[in-house]
Structures are given as structure tokens and as C-alpha cells.
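Pasting the structures in now, so scroll down.
Both of the next two complexes hold subunit A, though its partner changes from subunit B to subunit C.
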Partner chain A sequence: MSADRTAVLSRQAAGSPPAAPPGTTGRTPRPDDRRSRRLFLIGMLAPMTVLLLAFTVYPFVSVLVNSLRHNNLTRPDEQGFAGLTNFANTVGEPGLLRALLLTVGMVLVAVVAEFALGTLAASLLWRPLRGSRLYLALLVLPFGATPVAAYLSWRLMLNPDGGQINAALAAVGLPTPGWTSEPMLAVVALVVVDIWQWAPFITLVMLAGLKSLPDETFEAAALDGASALQRLVRIALPMLKPLVAFVVTIRAIDAVRTFDSIWIITGGGPGAATETLVVRIYRTAFNDLHIGEASALGLLLLVVLFIVGKRFAAPALQRLEH
Partner chain B sequence: MRHEASFRLSRRGLLTSALGVGGALALGACASREGDTGTPSATTGTQTLGASDMQWDRFKGETLNLLLCEHWWTSAVSKRFPEFEALTGMKIKANTLSEDSYYQQALVALSSGATTYDALMVGNLQAGQYMNAGWLEPLDSYFGGSGLVNADWFDTDDFFAPARKASSLNGELMALPLSAEAGVVIYRKDLAAQAGVTAFPTQESLVDASAKLSAAMERPFAGRGRRGLDIVWTWTNYFLTQGGEFYNGNTPTVDSPEAVAATELYVQQLLTKYGPKGASNMSWLEATGSVNEGRAALYTDASGLLSVVLDKNSSKHTDQIAVSRWPDSAAAKAAPNYWYWMAGIPKASRKKEQAALFYAWAMSKETATSVSAESGSPSARESVWSNEDFLSFYPGDMSTEIVANLQAVQPDRVPYARPTFPSEADALSLELIKVLVDGKDPKRAMADAAAAMARAGR
Partner chain C sequence: MHETRKGRVLRTAAIWALICWSILPFAFMLRVGFAAPSDIRGGAPDWLAPLYVFNFVDLFGDTEFMGAIGRSVLVAVVSSAIAIAAATPAAYACARMQFKGRSDFEFWVLSTRMLPAVVVVIPYFVLFRQIGGIDTVWALTVMHTVVNLAVTFFLLRSFFADLPAAVFEAADLDGCSETKKFMSVAWPMVRNGVAAAAVLNFIFSWNEFVFALTLASGEAKTVSVAMLGFMQFQSVAVGPMMAAGTLAVLPVAVVLFLAQKQLVTGMSFGAVKG
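Here is the complex of A and B:
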């Protein structure tokens, strides 16, 4: 966005009349025009402002207030200001660091794998391919499926005792792992489910990006002898760098918040093997009824997401804008 | 070996529904129940309820908002709502949710203090939290002789005494128990006979029975091992029957010899040695699957799960299923664990009397009997368990075993009413799973569990 246009928009937002284009004689708007413009702006902004206040600002303030209060629903008589006690209690809990590291680890592995597989699939669909429409339709299914039903199906398929996956492995004489009962395998299983669900999303986004690139560049590169892989890695991906940064960041933030798949497939188990930060927050709030501590944990998660967003998402958005 | 039957419960396609993804693509896949025809039985109804000598139409024209959880009782009673509406002139708006969603919704509704729900179901584990937090309206004034409900006709004494106790706080009735389940031994009578297993005189004998049954199948035992109440619920049957107690005053005592013995028996021997592969992530959903698909022959869990194990739609061996009451231990008499679904009125409800009138109908002997006779729902009303139509769901003397178990329940010994018990049970479950997954020494695990429970209950 150019500086001139930014200036124009900010003047408009402030209710000032737009500057007259150079070389013309601008008419000074009458007060009625200004009022109607202001009403128009208010009318356009009001619905979103109300929604933001109700569903973002209010919950955030509420979480902030709760994190500083004794708010344990099992002890309704013990309410009041708690200072940083909730933060101290949650940080001092054994398992918090583990949950944090597990969250980071799962997100890293899942997002990298999703990006690699998603981009690979997008590159295959980039050029005309027989049946590509069918492939595209199939790609939408995983993240278009009803999540809870899909995860419940995964849970039953992954069941070490009688699940379809182990039944298939046993049928061909292969070992039958304890997918959801062995701590490390349970983590792997959840990452695989996440990849199954979200790699297609990255495929679609990357495909849209690839299709927006000028054909001439790649035709010239092909004439110069660049292979398909080189054209993808050395030309297309650098050209799509802002989009890549954006989609990876958005997916990472979303992956940090993953809850339903973990809760349904493993319940955070076996033991606490798959208890991520979000599962921990849920358990603290809805099982233990420690709303104050859950709020403190929620704020910690927000800080993590803010750092990720500030470091990666904001620069990517700026580049996309340019 | 006590009682056996070829069950003919014809509902509860939960497992089938869940597996059958397709149209049942929802968490609450537990809704598909064969036999629910949607046609209310003619046996209940206004004539009998009319004899209750109550003014049923005093709130004519009003609407009641209900929060319900998917359950066979819910399904059966919901079909009868038109009867209630015809009787009272009131309207019912029911929000029926799957279990996880229901718990969240109930918590939000009750804790906000400004709920729009006038009546709601209450889970056993949550009852203590809700009662102690003062979120439920005491019910004695409605069902103990008010002008609203005819107390003699409604007869709260007809609810199983342990269920009444579990629904009370400091002697005051805070909810009405609507279904009653207790721990039982479910087994395959054909395989047991082949293996020479004829009875379960003690819970320790389950190990011997498993060893004998392992000749017929690799892992003959099934039980829950998933984190949280799943593993703790089943373990509690063994623990109480060993003579263990959860607390001494406010101090957790799960480091007692009884707790160690129960852990050695259930977790270390039955689950680890003879239990299914993947037991550490098994809830009742997977455990009943093991039995239904013929991979397990011996299963200890709640009697309510007979509806799944004996459902011909999802089980291959319903004719061979038998049930035995919870056995004694070498050290003490049987003390099976229990689970009651209850029904309560939010303190913040603006239609408490209307809600009480609804319960007077929904949980009356007449409606409870009809609902149970039609669906097999294990009512918490003792009188229902002598109804011939209902008992036909439990052929032979299986019902005798279940009733014996329900009467043997000792609600005071299970701290559901303790508001911090959900967190403490979660802490306990983590240590039990360490025994199961990591082979942790039971004695050390139980010592750590006691410490973890003390921290969780802080």
C-alpha cells in the first residue's frame, strides 16, 4: 500500500475530507456530506467492533481478571484477589514444562511435514493432470469432515486391540504396535492424524499460489534446462516466500491450539504422554474447576502465540501486502 | 458362576454407530437405538398419574428448558414428552448433548448463576462439585410433602437407598437418581465352561480364571485403563472390596496395603498380564469392543454396559454372555463401585416448581416403569426391578445379581461428593497407568498417588 493511499485512508477514517487530486480544484464537502460519511463509517465498523468487543476483548479481559483471582469453583467461598498465585501454582506444577515442550515438538513436526507434503502435492497438481479435479475434491475431505466423528473413527482404527490398522498389519504378518497405548507412538499417531487433516489445506493454498505465478518465467527456465524440482525449489518457492511464511505461521498457531483430536483419540494419555498445553488448560478448567489457574495457563499460551505471531506472521503479512 | 442369559436388549448401537461413521458422524453416536419406535407405550400415562391427586395443569402454557445428556433414559423419556405436555399443558424444549459437550454446557450453565435451563441431568462424579458449590436447588421441599407433589404417591423411598444417599448433601436431597449401575463380572459362559471356570468366589479368583481362559485366547481379560475416571472407576471396585478407604479425614490413604493389593490385582495382574493390548488407552468403548468381537472372555465393569455387551447389533456372542455379582475378596466383603445419573434443578432456575412437576412425572413410578420396560434402562427405582416387562430385558436371574450389587453399594466409601475428587482421581489415575505402562512398582506408585492426590486436593 503506498504512503499516499495510506494517508488518504487515514484522513477518511478520521473524518477529514480527502485531499483534492493534484492539478484539480477540490470542492470542500458540506457538513451534511461529512456527517453522512461519518455515519456510513460508523455503520460499517459497528458490527465488527461489537463482535470484537464481545468475543475477543471481553473474554480476554475476563481471562486476565480471572488469572489474578482465586477462582476455584469447588471453593466458592474462597474468592478474591490472588496476585500472581495462579501463575506461581501453574508454573510450579510438575508437567507444565513437559506439556510445553510436547506442544512445541508436535507443532514443529506436524507443520514441517504438512508443508513438505502439501507443497509436493501442490506441485503435482500445478500443471494439467488427468483427474486433477477429482484429486482436488478428495483433498478437501479431511479438513471438511466433521472433526469429532473423524477423530472417533481414528481412535477406533488406531485401537491396538482390534483396530483396523493393526488388523491390516496382522493380516500381512507385520507387528501390531500399541498406537495409542505406548507413549511415544501415541504422540506419533496424533501427529499423523494432524498431517492427514491439514496437509491438504496447505496443498490448496500452495496450489493457488503456484497458479498465480507467471507461466513465462517457468517456460524460460525450462528452456534453459531447469528440472521440475529446480523450477519448484529455486524459482517458485522463493517467489512465494511471503505466502509460505504466512501459511506456515497460521498453521503453526492453529496447531498449537489443537485440542479435539487429542482429547478424543488419547484423552491426553496414556498417562500424560500426549497432554499438550491446551489439553492441560481444558483439564484444569473443566475437570479441576480451577478457573483462575486455567486462565493463567491460557495467558501463558497467549504469550507463546504472540511471540510466534510477532516473529513470523507479522513480517509475512507485510511482505504479502507489498 | 451365577447368572447367565441370552440378552435381548435391542438398542444401543453406540459401538456400531461409532464405527459406522457415515450417517453417525457425531460424537454422540450413541443415539442409534433399535427398538425406539417413537410410539409411546399405552401403559403409562395420564390415568395412573391422574390418581396421583395432583394439579398437573397449574403451569399450563409455560415452557421448560431442559439440559440432557445422551443416554438410554434420555432417549426413552424424550419420546414420552408429548404425554407430559398433554398432561400439564406445558411445553418442553430439550437440549440433548453428547457426554463431553454436556459436561461443559452444564458447568458453564451452572457456574454462570444465570442459566436458562430449568432442569438438567447430573453426572455422578460432578454431583459433589455441583452440590458443594451450591448450584443445585434442594429438593426436599418439593418432593417431601409440598402442595405441589404428592409425596406419598411419588415415594422417594422407592429409590435405592444408596442412590438416595449419593444424591443428598448433609442429609438433604439435592437431586433425584434416575439410573443405577454397579460393578459386575461379565463373562463368556461357553469359554468359561470349556476352561473349567465355574465360579468367581473371590476377586482374586479372577486371576486364576484368566489364566485358565488364556488357553482359549491370548488375552482373555478386558478392563478400562484410560486416564481419569475410566481406570479409577474399575480399580475402585477392587480397592473397596479389599477393604480400602480413600481418605482418613482429609488425607488420601491410597498408599494403604489394600490399595497396593488392589493395584497388584487389577493393574499388574489382570490388565497387564491378561488384559488387552493397548489397555492404557481403553475406555468402556474399546473394552466392550474386545468382548463383543470375541477377543476377551472376562470383563469387569459397570452393569449399565450390559446394554452394549448384549446388543445383538454390535456383539457376536450375546447368547453366551453371563453376569456375576461382584465377588468378595479374601480380606473383605464385596463393595462394588457405582454410578448414578441424577436429575437436578439449577439454583438459578426461574421455574423451579415447574421443573419439580416435570420430575414428578418423568421420575414417577409409572413413567420410570414404562421407560425401563420399553428400553431396559436400569432404573434407580427399586419397584421397577420387580416389573415383569422390564425384567424380560434381563433373562434368567441376571436381574437378581444386578439388584444384589446395587444394594451392596456403599456410597459413603466412594468420594464422589467430594468437590475436589475429579482432580484427585485424575492424579490417582496417572500413577495407576505408570504401573500399567512403565511397570512401576505398585507400592511406590500408590505412595506417589497419595502425595499427588493431596496436591490435587489443595
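Here is the complex of A and C:
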């Protein structure tokens, strides 16, 4: 450090200007500066890079290798290269198409509903109001406070035999459906729980966006007779387009990965009624111990999510930053 | 844009309806946790029954569950510390320095948040099985560290990026080296941000389920997996299970009250200031 300082001082004494941050002012950095800057940069990025390589490259390579091998932990004697057998086996199963359609359907409905509800709630909180600070503080609980505990609570409430929801329905003489025991209703229940959990996240993000917009625009629109809903849909949302694209993309990618709530509330059942892609991958790997087939399916999912992320999330994030 | 009295009443009512909906499962959890077994019928509590504290008393004497809480704290603290140590320098470099491939690097970090844990855990399950890491606290700690890196990075990057440029220009004029700019100029100014990142990492680790379930569901189990243990006995353990849920939620709820903005910033990759 002191050596650096002396170097700069002697350069100043020799009449050259002090070191400027590269890319800010006119002076071209000396080769010496450039090398020490590069070393510094490498040193700064290295720790996280190494850890992330272990988290991304190793699993990716390993999933790739496993997907091409016979790897069934219940039959340790059968090892070796399997070619595309695992892919053929997973793709050939009728359950896969079901899981794929179920995943796409649940994600679409959940994300659209979360965006609509979340944005509406944000618009309710847009203008200052008593009680809104309390609500803002409570909003983070659904997606922040120990989801497993919340899912267990939902599971008990949804229990068809005397759970809280059916007990309340019975008390007012309404029918008591089998929320987690009937295939269609189980899917609906999981989507509702997902909306309960994630609409508040959209609310917080959209509220931050709405508050960043200039008040005058909306006062003028109100004078022109635009209703609150028109001001939101016709004026605010188009102005927030990059934010909307970003939040919808990351929420959709997250929704595809939803596992905890399904695993705890229905376990993928009844039967395979709520078996989405990730639940199917988990069951294949850890119930059936078919590591090869689970890896093949997992690899396909990784590639799809990566492409979606690269195509939509990365540009959206960049547009937001500029 | 004057709001009519009627409009304000409707708006307040709508917000309170949303509040009730958002806290419903937590209210249910509290009520069941404080209910005697005889006041719970088929999983639904008698909402007017007197408070019953023995679910909690029993839980404090339950060494298995208390051990799980202790392990959760240990895993969360250690993984959070490592994640911050690794992510802070990288966050500084990306926020305050120009270099080739920076946006690709950032997308790579972001993409790690998109990987489904269910897929990533498969190779680690195979690996830890071979090297004896299954059902150990250290294996889970390692996984939670890497899971936390992306959020830590984006949160801290937003803090570093918000620092006034004038400070760094002044440091340059004083002839500060890059190292000194990071250590003596930037670092002291983002201490609050680092504290926020530590809090969020703690919460994410505490809440994490897939790695905990797959890699440490026996001796080394943490809180989220330990709660599932109450499920085996169905309705008999409903009260204790919700008491356990309350204990699991409580520390997080308190902290979230203080760190809600940072949570949103971290989860939106720094795009939203919360």
C-alpha cells in the first residue's frame, strides 16, 4: 500500500497527473497500473467465481454425465454408458407430458393472477393511507417467513376431514369439498396458495415502481376525467413496462421451480394429480432412486430455464438499469 | 386528485381484507399452537377456547426439536458469513469498476438463482453419498453458502452502486490504490448493507427446504425438516406442530419487520430499491 502511494507521489513530483480511475478521465493508464488493476479485479472476483463454478458447472457436468449413464441406486451393479436410454425412457412416459402441461398451466394461471392481484393491491397503496404501513410490513410475511411452517398451516386448513376451511363451510351449511383429495381441487388449492404467497411480492415491487412515477402526469389525467383504473392500466403500466417484464419473468421462472409447497401440501398427489416437472424429478431421483433418468429430465429443464432466462430476464434487467 | 370520503373508506376496507387474507395461515398457526388437544377437532381449533401454553412448554423440553433449531442457527450463521466474504469483493468490482464481460458475469450470477434446487441437489446427493457428507451439518452449510451468493451479490452491488461518485473521485485525487478504495473508502460506507445481507442470508438459510430435506433429514436435520416430523401422528400432533411452526416463524417475522426493503431489493436482483 505504501509502495503504491510512493509510486503515485513520485509520479506527481515528476509532473504527471494523479492516477485516474480507468474509463473516467483522459489519462491512459500505464501498463503497470493496468496489470495491478487486473490482479486486483481477479482477486475481487475469484472467491465468488470459484464457489459459483462449484454450484453451476459441477452440477451441470455431473447431471450431463449421469443422464448418459445407467445410474439406479437400487441396482448398483448396473453401471456404465447408457447412451440416450435415460432420455428415451423419461420422454417416452405418458406421465411426463402430463407433468409438463400441469406445470405450464399452473405457472400461467398463478403468474397472471399474481400480477393482476399484486398490481391492484399496489395501486390501493399507491396514495398515502392510514394503515398502509402496517400492511406493507405484513406483506413480506407470506413469502419471507418460514414457508414450510406456512405450508403446514395451509395443509391443516385444507384438510378435507374437518380442516378449518371445511369446518367453516359446514358451519354455514355449504358443501365441504375434498380440497386435497380430489385431483382438480388439489391443483386449484396449490395455485391459490402460490397466489397467497407471491402476489404480495409483486405488490411490493410494483408499488416501488408506481411511487417512482411523477405525480403530475396522474393529476393531469385525473383532471381529464381518467378513472383510477384507467390511470393504472393506460398510463402507469406502459410507463413501467421494463419493470413489468422483469418481475413477470423472474416470477415465472421461480414458479416453474415451485417444489416446497406442493411437496408439503399434497406430496404430488392424489396419485400424480399435482406432480409438476420438479416434483416428478424429485420423485424419480429420491423415491425411485433412478438418478440417470432424473438427471436426463433435470438437464432438459435446466436448458429450457437457461434459455428463457437469457432471452427474457437478462435483457429485462439491463433495460431496468438504464 | 382529491379522494372522496367514500373512496377512502372503500380503499381502507379493501386493504384490511387483504391484510386478513395475508395473515390467515399465521393466525391459524398461532391459534392451533395455543390450543389444548381437546379444543382441536379434526384439525380445526375452537377459536374461543382459552390459551393453552403446554404445546410450547413441551417443545422447549423437546431436545430433538431444540437441537434442530440450534443446527439451523449454526448453518445459517456460518453460510451467511462465507457468502458475504465471497460476494462483497465481487459486488464492489461489478458496481464500481469497468471490465470486459461484466454483464455476462452478472447474468451468470443471476442464472444461479434460476436453477431448480431439485435438479442441483441430485449430483450433490450422489457426491455427498460417496464422500460421507449425507446427514452432516457441513454439507448443508456448503450448499446454503452457494445458494445465498446471488442474493448477497445483487443486494451489495446495489449498495456499492449507490455510493456517491464524488467520494471515489476524491480518493483517486488522493492517490488511493484500488485496494485502499475498497477497504478504506467503500467498505465502511456499506456496513449497513452488509448487515442487511447477513440478515437476509440468515432468513434464506433458515427457510431453505430442498437441500435440507435431501441432504440432512436425519441426525443433522434443521428446523424446516424437523417440523415435518410432527406430521407422522396426524391430528394428535396438530397443536405441537403449529407451536413448532410458530417458533420457526417468530424470529424471521421479527427480523423481516426491519429488513423488508432489503428483502425485496435482494430478491429482485437489485432492480427495485424497495
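FYI, the second predicted complex is superposed on the first by the 277 of 322 C-alpha atoms of A that agree within 3 Å, B and C clash if a C-alpha of one lies under 4 Å from a C-alpha of the other, contacts with A are read in each partner's own complex, and residues count from 1 in each chain.
Just so it is clear, a contact is a pair of C-beta atoms (placed from the backbone, for glycine too) under 8 Å apart; a residue touches a chain by one contact, two chains touch by 3 or more.
Fair warning: this is a prediction, and the values are worked out from it, not measured in the lab.
Engineer: Consider subunit A as the common anchor and indicate whether subunit B and subunit C clash or fit when overlaid.
Structural biologist: Because the two structures are overlaid on the shared chain, the partners are seen to clash.
Engineer: Between subunit B (first) and subunit C (second), which does A:74 come into contact with in this model arrangement: first, second, both, or neither?
Structural biologist: First partner only, subunit B.
Engineer: Of the two partner chains, subunit B (first) and subunit C (second), which one does A:225 touch, if any: first, second, both, or neither?
Structural biologist: neither
Engineer: Can A:124 be said to touch subunit B (first), subunit C (second), both, or neither?
Structural biologist: second
Engineer: Which of the two partners, first being subunit B and second being subunit C, lies in contact with A:92: first, second, both, or neither?
Structural biologist: In the superposition, A:92 contacts neither subunit B nor subunit C.
Engineer: Quick one: is A:148 in contact with subunit B, with subunit C, with both, or with neither? Answer first, second, both or neither.
Structural biologist: Both partners, subunit B and subunit C.
Engineer: Once the shared chain is lined up, is A:294 touching subunit B (first), subunit C (second), both, or neither of them?
Structural biologist: In the superposition, A:294 contacts subunit C only.
Engineer: With both complexes superposed on chain A, which partner does A:176 reach: first (subunit B), second (subunit C), both or neither?
Structural biologist: The answer is first: A:176 touches subunit B but not subunit C.
Engineer: Going by the contact rule set out at the top, does A:52 touch subunit B (first), subunit C (second), both, or neither?
Structural biologist: The second partner, subunit C, only.
Engineer: More residues of subunit A are touched by which partner: subunit B or subunit C?
Structural biologist: C
Engineer: Between subunit B (first) and subunit C (second), which, if any, makes contact with A:286: first, second, both or neither?
Structural biologist: both
Engineer: Where on subunit A do subunit B and subunit C both make contact?
Structural biologist: The overlap between the subunit B and subunit C interfaces on subunit A comprises residues 145-146, 148-150, 152-153, 156, 159, 161-162, 263-264, 286.
Engineer: Given the complex with subunit C, which residues does subunit A contribute to the contact?
Structural biologist: So the residues of subunit A in touch with subunit C come to 1, 4-5, 8-9, 12, 18-24, 36-37, 40-41, 43-45, 47-49, 51-52, 54-56, 58-59, 62-63, 66, 71, 121, 124-125, 127, 129-132, 134-142, 144-150, 152-154, 156-157, 159, 161-164, 167-168, 196, 200-201, 204-205, 208-209, 218-219, 222, 243, 246-247, 250, 253, 256-257, 259-260, 263-264, 278-279, 281-282, 285-286, 291, 294-295, 298-299, 301-302, 305-306, 309-310, 313-314, 317-318, 320-321.
Engineer: Across the complex, what residues on subunit A touch subunit B?
Structural biologist: On the subunit A side, the touching residues are 73-76, 145-146, 148-150, 152-153, 156, 159-162, 176, 178-183, 186, 263-264, 266-272, 283, 286-290.
Engineer: Help me check something: in the complex, which residues belonging to subunit B touch subunit A?
Structural biologist: Residue positions touching the partner: 18-19, 21, 24-27, 29, 100, 103-104, 107, 111, 129, 132-134, 219, 225-228, 276-283, 285-286, 289-290, 293, 295, 419-420, 422-423, 426, 430, 433-434, 436-437, 456.
Engineer: Which of the residues in subunit C end up touching subunit A in this complex?
Structural biologist: Residues of subunit C touching subunit A: 1, 3, 8, 11-12, 14-16, 18-19, 21-26, 28-29, 32, 41-45, 85-87, 89-90, 92-93, 97-99, 103, 105, 107-112, 114-120, 122-127, 145-147, 149, 153, 168-169, 172-175, 177-180, 182, 203, 206-207, 209-210, 213-214, 223-224, 227-228, 231, 238, 241-242, 244-246, 248-249, 252-253, 256-257, 260, 263-264, 267-269, 271-274.
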